[in-house]
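Each of the two complexes below includes subunit A, the first together with subunit B, the second together with subunit C.
== the complex of A and B ==
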């Protein structure tokens, strides 16, 4: 407004006064336009937004109050003065009612006019500034409302439950996930939290409110909503500080940690089983040593040697078990950092047969391999595939009969390389087959007695195959042999 | 040690090493030992030998072979009169939660107690000596 010149309109039928005022105000630096009658005054005053208008009350054609009314209805912020020699109390009130800012009695001195105009200009500036602020405030409010509804939408749509309570324990905000997790059918803003929330969460809230200073940390509790880890939630309660230094309330975020708990449970079960499997051979070795140290038990040299040899066997079993366990953890790590290369299944099969030649000879088992011409190359970690074939082949030897046979086929089946290892061994009962890939499961019957193993060999096979998105199948007939079929995808990366 | 209430003890375990060790230890303390390597054989030996006590490994063919054998023994006339203990390394420490100590568990598990592996012979003998058939079903 300071850079732009201030516009003033003067409406007066008296030529001398009109032109005199124009000159005077132009000298003061104002931009001045004039109208010599009421009609021109209305036309000019409603054609653009004048800052100030000085209107003569009595004009031959149109009354000054009408001019005022017209201008005000078009531009309510134009500051209008009524100038008149017939000043009366009534017209003053009437013109003020119509929106005039001031009243200039005629005749007036230049100082009087300039003083009044300056007042008007100031008022105009105030009005424009206040308008601007009002508009700005409205825009801000709109933005806040938008932001609020956006936040609302976000919080309502997240899968975690959110619930906020104020310092007197009333619910002030919640989303539907919170209701779902807490199994609350009906909740209103303003409801008392104590009537609705589980005790464990209330305990945390009580603790937060009871603290002397605000505890700027989150307190969590886990609640088992369905038994056996079928549904477990974690509630995280965080105090919200108020600018006055007190607690404004508590935000409770509820998340579903069922999957995490289930994995935790599987892991701890596995650890329990490992501990049990490690304890058994240790107990056997310890038992032999204790007997040899026991003076009350007479042992001849031969018996002592037998016990030492049996201890060594148990320790070897223990060592195998530890190696298998390390392999399992390696597979888990390797899923991230394995060495993928192009591998030839037929080479791995031949190498493995060579490696196990001694065991084959011991039981006089013959091997028959049928490998498809131009078997596709697959991309995999050489060590893992070797381990997989070794475990299956050594099982085929271990659970085979004396003078038995092993058939190994490798062929293309659609998008898979299919490897079949079939033995003529002791086979399995259907209930044994179904548990075969479970950790530490070993079929125990009169035929398997005396065959050692860690119970992890097939677990390792399955984990390797799974990690390549392959499939492992088993067919078995009790007393008649077992066939393992491994399908590995050809186009894997 | 001279006047033994329990002369003949049946040991059942599919781990032949542990079976032999326990046999030697108990024999050295003056007991007569009969053995079996499976639950099924265990019952046959029990019926044939009529032992004064039975100590049975828990996990043999199945996770609960020991319980099954103990149940079968306790259902016989002779079995009701003798102490039957289950032997296992599956304990609280290794995450298996049974102890046959609560009334409910005793209702289900027809044995007179659970012993941890490896067995301490003195402990085992003390348990046998303290056995009071009246307190048992």
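== the complex of A and C ==
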């Protein structure tokens, strides 16, 4: 406003006054335009936004009040003065009503005119500033409204449930995830929390409200909404402080921890199974040792030696079990950090057969191996594939009959290398086959009595095969033998 | 002569327990699975049954104990347990486990004999 010159319009049919005022105001540094009659005045005054207009009341063509009216309707912020020699109370009221800022009685002195113009200019500046502020405020409000709706959208789309309670215990905000996790069908803003929320959450809210000072921490609780860990949620309640120092309410964030709980359950089941498996051989060995230490129980040398030998067998089994458990945890770690190299399956098969030669001889079992010429090389961790073949082959020996046979085939089947290990052993019943890959499962019947094992061998096989996105199949006929088929994908990348 | 039946799928436990009880002058018969166990109890009518809680399947021992009670076999049962704490089952003498006492594995000969004597004594008193 300072850089731009102030525009003034003078509408007056009196030449002398008009030109005199123009010269006077131009000397004061204003930019001045003039109109010698009402019509020109209207045209000029509505053609651009003048800062100030001085309008003569009595003009031959158009009345000054009409000029005022036209200018004001186009540019309400133009400061208009009515100049007249016929000042009357009525016209004063009328012109003020039409939006005139002031009244300049004719004749006026240059000082009077300049004084009035300066007042008008000040008013104009105030009006423009207040307009600017008003506009700014409106823009801010729009922004806030936009921000609010954006926040709303964000909260509505997060996967956790969000629910806010005010200090009188009413629900003041919630998203749909909150309804879903709380298993509530209907909830309205203003509903009493006590009627809708689970008791465990209400207890936390009560605790927060009951505290003497605001506890700036989050209280959490876990709730099993559906039995058997089918829906478990965790609710985190945090107080919201009010500027007045009290609590404004409580924000409750509800997350679905069902999967976490299920994994926890599987883990703890596994741990108790492991504990049982570890404790069984220990109990046997300790039982023997307790007898040997007890002086009241007579024990001959031969029996004592038998007990010691059996203890060693149980401890060996325990050692195998620990090794198998370590292998399982290694497979899980190794899926991330295994040593992948090119592997010739036929070499691994031959090495494994050599390794188990003693066992084969003990039961006089013969092996028939058929390996496709140019069997594709696969990329895998040598130790894992060796472990897989070893477990399957040693099972084929353990559960075989005396003088039995084992057939090993390896061939290409579409995108897989298919390894088949078939024995002529005791076989399995269908209900046993279905449980085969479960941890610690061992088929127990009169035929398997006396065969030792950890119950983890096939679990390890399955985990290795799964980790390479392969498939393992089993076919078995009770009393006639079992066939395991491993399909490993040929990965050329 | 007092006859005790031991039913457990672990041959080493069977052997060790038998030896302990035999050394104290009891007669012992054994079975390493629930169905044989049921058979020897029906046939030989022992004075006491020692039963492992976990045989082939978890709960096998429980089921066998319940079966005996359903068939009005009132012979006292001493139950062997090994993982009661690990699996969160804190055994008490509850209705659903119709046994008379528990022995936690590994078995100390002293404790086993004491519990056996106590149970047999109780039966004696009832008569």
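Keep this in mind: the second predicted complex is superposed on the first by the 491 of 493 C-alpha atoms of A that agree within 3 Å, B and C clash if a C-alpha of one lies under 4 Å from a C-alpha of the other, contacts with A are read in each partner's own complex, and residues count from 1 in each chain.
We take it that a residue touches a chain if its C-beta (ideal position, glycine included) is under 8 Å from a C-beta of that chain, and two chains touch if they have at least 3 such contacts.
Note that the structure is a prediction, hence the values are computed from the model and not measured.
Superposition of the two structures on subunit A shows subunit C clashing with subunit B. By the touch criterion stated above, A:49 is placed in contact with neither subunit B nor subunit C.
With both structures placed on the common chain, the touch criterion links A:438 to neither subunit B nor subunit C. When both complexes are overlaid on chain A, the residue A:280 reaches subunit B and subunit C alike. Of the two partner chains, neither subunit B nor subunit C is touched by A:403. In the superposition on chain A, the residues of subunit A contacting both subunit B and subunit C are 271-272, 275-276, 279-280, 283-284, 286-288, 290-291, 294, 296-297, 310, 314, 444, 449. Within the complex formed with subunit A, the subunit B residues making contact are 14-15, 17-18, 21-22, 24-25, 28, 37-38, 60-62, 89-90, 93-96, 117-118. By the touch criterion given at the top, residues 271-272, 275-276, 279-280, 282-288, 290-291, 294, 296-299, 303, 307, 310, 314, 444, 449 of subunit A touch subunit C in their complex. Looking at the complex, you find that subunit A touches subunit B at residues 268-269, 271-273, 275-276, 279-280, 283-284, 286-288, 290-291, 294, 296-297, 310, 314, 444-446, 449.
Touching subunit A in their complex are the following residues of subunit C: 9-10, 12-13, 15-17, 19-20, 23, 32, 54, 56, 82-83, 86-88, 105-110.
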